[in-house]
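Each structure below appears as structure tokens.
Okay, so subunit A shows up in both of these, paired with subunit B first and subunit C after.
On to the complex of A and B.
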């Protein structure tokens, strides 16, 4: 029982990371019908840049804010120069390749300069674990799912209550029509990519005290987050967050009851099976394409 | 100037095979030490990689899909062959076949679930597969040897000849690999230049148009990936026989990216691209090794650079340059249309025993959430009749067309085609049942030629299967020639014969409309749905279009026409059904409809001065 509680708590924690990264994919996909394929590396920036900036003597909060701003700028630049010019036709695949290329460059640049080894990021919230019976968890870990859910709710409020948020929804629903209404769809898309980048980096900063910050932490988490977004139904933000939290718990259960090395094999197989049963995603609705 | 693909393939094959076949004996003729056994092994590695890249080219250049897991598929084939040789004592041929089939099967399992909604999902799934594959190899030590891998794989034999790349065995493995490379190269050609290749490219350019012509997007994408995976599996088995040792390190994510880089740099979709790309990238990698820890970075930079500077790749850019250099700006002649020729009798045949109604809609309803777009529509169209569907904007006309062509699923009601219930079939199945359509905004396969566009329309009528097509069996050749003739006849019919080898996307708008009709007719439909065919046409073109529709109706084809152009409707239709807010408000011959007050009201509202004046006059 205690073991199960432990799995659920730490599962929610990693699920929170997936949720924030997957939410970024969902946001980007909604407006652009494309995404930064190596959003995982932007997530990595959040952890790695914070550690690097702290090494320069900056206090943690300044370092984290700077890291998030740099990641957001990276998101915007990636959209402007790597996605937009390569996403002009329907079914374009160029953006996929350009963002992968830049992701490979980011990761190897990081490895060459920051070093291949993970480095710790000290946090006051990751010192004494909270005890729930025999299960223990750092407050830092519990922060992640909370922030993820808040981010999702905040996004929803923003999209329903503000002018710019409604513009985002308009672009997501119909880019051309939004353009005809005077919305600068390109600018909206760029801002959304920046926001997604910032959110991803926030996740990277928040998880770094738990798993340590390394340049290779982005690839797998980014990939899982993208798959989670797909099997949840990529445009449904609430569905994506729910699925991400659930998947985190499932992963921990697989680790607990089978083995750590079985986790990814079983996890990915499970996702393919879910996609087989729900081609539009579990919470996704069939899209009616206007013919 | 354009080189015919057949000539390019023949020349490359002849020269390439001759040079490569001679290579091991180079030093015997010219003296010197080249090639050493080390150099020969490098050539072998490059040839094996080229087989993977040819397969990837079918996927990327053909179906427009991306795989980032091809290294893992390659590794899967290698491990199947290694394990069967090592643990089950399989010989070369059976383990090779098992590797190809096994990898194809994995390909199907990956592709089918992921390509149903969006092609992009496949890329994500393949990355995942690649990571899991390496993960399993590393962790399942008892089965795969983990990091120490599988060593001591016995050399295979073919016809009693030991397979090795060494001189003592007559370079037997070298020639086996060369044989398979040549085979892969030829299969790439026979696939890309066949109805399957055309259908794959069609799905990459317009899913809707492909579906409307009976080409199932899911099936074509899955097929492309399965074939692509088979090539990777074949190459993997050959790699096992060369290296006699396999472990996960050869098959990691970076290798997948390298394969993709080879495909793109060479020129995706070109026949020679995979060969050029493999050679260039392979030797670039050797040079990049000097960068040490910056090697991967250089790789990414190279990929980005290629995408920015040369998105068509080396061969693709060269072909474009050749074409632009040799293109005499020849004036093409637009012929009169409709132009009926006797050859068309084979394409457009009247029904032998036409039923009372070609198309029958009963209580057809479509709801989007709370909105009722189409409300209990009944409609019956006689065979050989031109039935017009009119109504103000938003009346539900296009929704009706979309339900009949299978793009929308009706919420209620039934659709009967020639007496057969076809309700709620998907668009490709509707096309196969005999429903052809054009689109309000023309949807052509822009990068394909005009003739190829029409030939995609014949997809459902081919009988030769995949194998027959790939080996160019007599039946497949004969069929291809017949389809080409009939497609040309259809181009004649719409006056575009002279444009046959022009890129469809380069046609002027009116010609695009004509081409779309020709392409729809290639399906040999029983029912032709025309969604605002006159939109954007000149007055003269509309008159031609009216004549064309009448010719088709005389030949027994039933036509359902959505149109706003009133003069045209009056001139061409036998029967008019009027929709307003999703409900049928009038139905009858055009002369009656013209004066129906409900119709006038629907179009102009109550206070329409014309209607009021007319009422006053009565």
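On to the complex of A and C.
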């Protein structure tokens, strides 16, 4: 019982990270039908930049806000210069190459400047765990699923209650029609990429006190978050967050009842099987387009 | 198969030409190296480089070797075995170095066995401790030497230390799922059997894993009171945090993958973690070691021992370079085969140990550092100290 509780708590923690990063993929895909494959590295910026700015003497909250703003700016720049020019035609895939390439460059540059070693990011919420019998979790870890769900709900409210939010939905539904209605689809897309970048960096900042801030911290998380977004149905934000939290728990259960080495093998196999059963994703809808 | 007289003549001539070209191809007074200089463990290459450059400086300032100044040709393998092989070929065939130094990772060293054999290039490891780096399955090892620890010898040491710290004698094994970690398992199992100790559980983790609670729950439920650990700082940090989550505090007795960085990241959680090694730069040093530390601080702008994150590896590298220089003097020329043979004649008083001789003509003793030089270190107040400078016992 204690063990199961531990797997759920640990799973929700890592699932919260997957959820925030996957939600970014969902936001970007919805408006651009493209993804920023540097998103794992943008997530990394949240931890690494916060630590670097704190080393310059800034207090943690100022450093974190600056890091998130820089990551958001990076998201916007990536959209403007690495996605948009390579996503003009239907079925264009040039953005894949450019974003993967810049991701590798970001990681290499980070290692050269920040150093290869993980650095601690102190947080009072990552010192004493909350214990439930023999199970435990740091309060910092509980923040992640909570923030992920709040971000998803906030996004939903923003998209339904604000003018700009409705513009995002319009661009997501039909980019050309939105343009004909006077919406600047390019601007909307750039803002969404910036928001996704900021959200990713927020996740990096929140998890860094638990896993340490390093230039490689986004590598696997970025990949898994994208796959989670795909099997959930990438345009369904609520579905993506739900799937990410569930996947985190499933991973921990596999570790608990099988082995750590089986985690990725079973996890990825499960993803493939789910995708076979639900080609549009578990929470996705079949996209119909008039030709 | 029988050869015609003409073919026999051609074959003999080609062998003769090949031999002549080989003989004419004298090796250069350079020490090649394949280290991780970029990537997630780039600090490991740097930690070796500190000592190697200082040792070469000392040797060159004293007149060099055989009247020649030694030079270092260091290449980045990014921790990848394939790149290590490329680097070895470049060092052996293009740079024509007389010897090559190894780096941090055991899989990289193991990947070099065939290329080194083919080139006849002596190799000296300074960290990678995998048993199979030196003790090849073929039963033959002509070219690979090591001034470092050996897992087969480390394992009994770790098991003995772990059992001494487990009141019930129940210990577990926790290791990274890499060539190094998996390669250590047979050694640890054999060591436990030899000491009549039961390994109550064996668990693995993957590189970059951040939550080890599942494995620790199993180790806890199996009753392990001390853990023999094979892994590096980042994953050790994750393990300490996972132990804290479930309030399980076995004594960790680690092979030397853990370096000083653990104290920086885990802070108070690292208190009492024990690490096997050969050397510490903390505390009062012998005059020669102090001079080496001072030289490294000056040349590389180090603050002090806290910047030497792989203290044993750095010290091993320093001794390895001096052993190479002594062997070259004995060889009398920059010839790889003569250097290899001279390794068996070297007697040298290093900072890690007295090497008398450095190596012997058995595969087992291609390792220069024998178990009597192994020491235990402990984290105390965030710093990895010799055990007798901590509250955790004495060596």
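Convention: the second predicted complex is superposed on the first by the 291 of 291 C-alpha atoms of A that agree within 3 Å, B and C clash if a C-alpha of one lies under 4 Å from a C-alpha of the other, contacts with A are read in each partner's own complex, and residues count from 1 in each chain.
As a working rule, a contact is a pair of C-beta atoms (placed from the backbone, for glycine too) under 8 Å apart; a residue touches a chain by one contact, two chains touch by 3 or more.
A quick note: this is a predicted structure, and the numbers were derived from the prediction, not measured.
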For this session: Quick one: classify A:279 as touching subunit B (first), subunit C (second), both or neither.
Result: first
For this session: Determine, under the contact definition given at the top, whether A:41 touches first (subunit B), second (subunit C), both, or neither.
Result: neither
For this session: Please work out whether A:79 is in contact with subunit B alone, subunit C alone, both, or neither, and reply first, second, both or neither.
Result: neither
For this session: Figure out whether A:112 sits in contact with subunit B (first) or subunit C (second), or with both, or with neither.
Result: both
Problem set entry | Which of subunit B and subunit C A:265 touches, first, second, both or neither | first
For this session: Classify the contacts of A:223 with the two partner chains as first (subunit B alone), second (subunit C alone), both, or neither.
Result: first
For this session: Applying the touch criterion given at the start, work out whether A:98 contacts subunit B, subunit C, both or neither, answering first, second, both or neither.
Result: first
For this session: Could you give the residue numbers on subunit A that contact subunit B in one complex and subunit C in the other?
Result: 108, 111-112, 219-220, 261, 264
Seminar exercise, completed: Interface with subunit C, subunit A side, in the complex: residues 2-3, 6-7, 10, 13-14, 108, 111-112, 115-120, 129, 131, 134-138, 210-212, 214-216, 219-220, 252, 255-256, 259-261, 263-264
For this session: Please name which positions on subunit B make contact with subunit A in the complex.
Result: 60, 64-66, 68, 109-110, 112-114, 116-117, 119-121, 123-125, 127-129, 131-132, 135-136, 139, 204-208, 253-254, 257, 260, 264, 293-297, 299-301, 303-304, 307-308, 311, 368, 398, 402, 405, 407-408, 439-440
Exercise. Hey, which residues of subunit C end up touching subunit A in the complex?
Worked result: 38-43, 177, 203-206, 208-215, 217, 220, 233-234, 237-238, 241, 244-247, 261, 264-265, 267, 309
Problem set entry | Residues of subunit A defined as touching subunit B within the complex | 34, 37, 82, 86, 90-91, 93-94, 96-98, 100-105, 107-109, 111-112, 219-220, 223-224, 226-227, 230, 261-262, 264-265, 268-269, 271-273, 275-276, 279-280, 288-289, 291
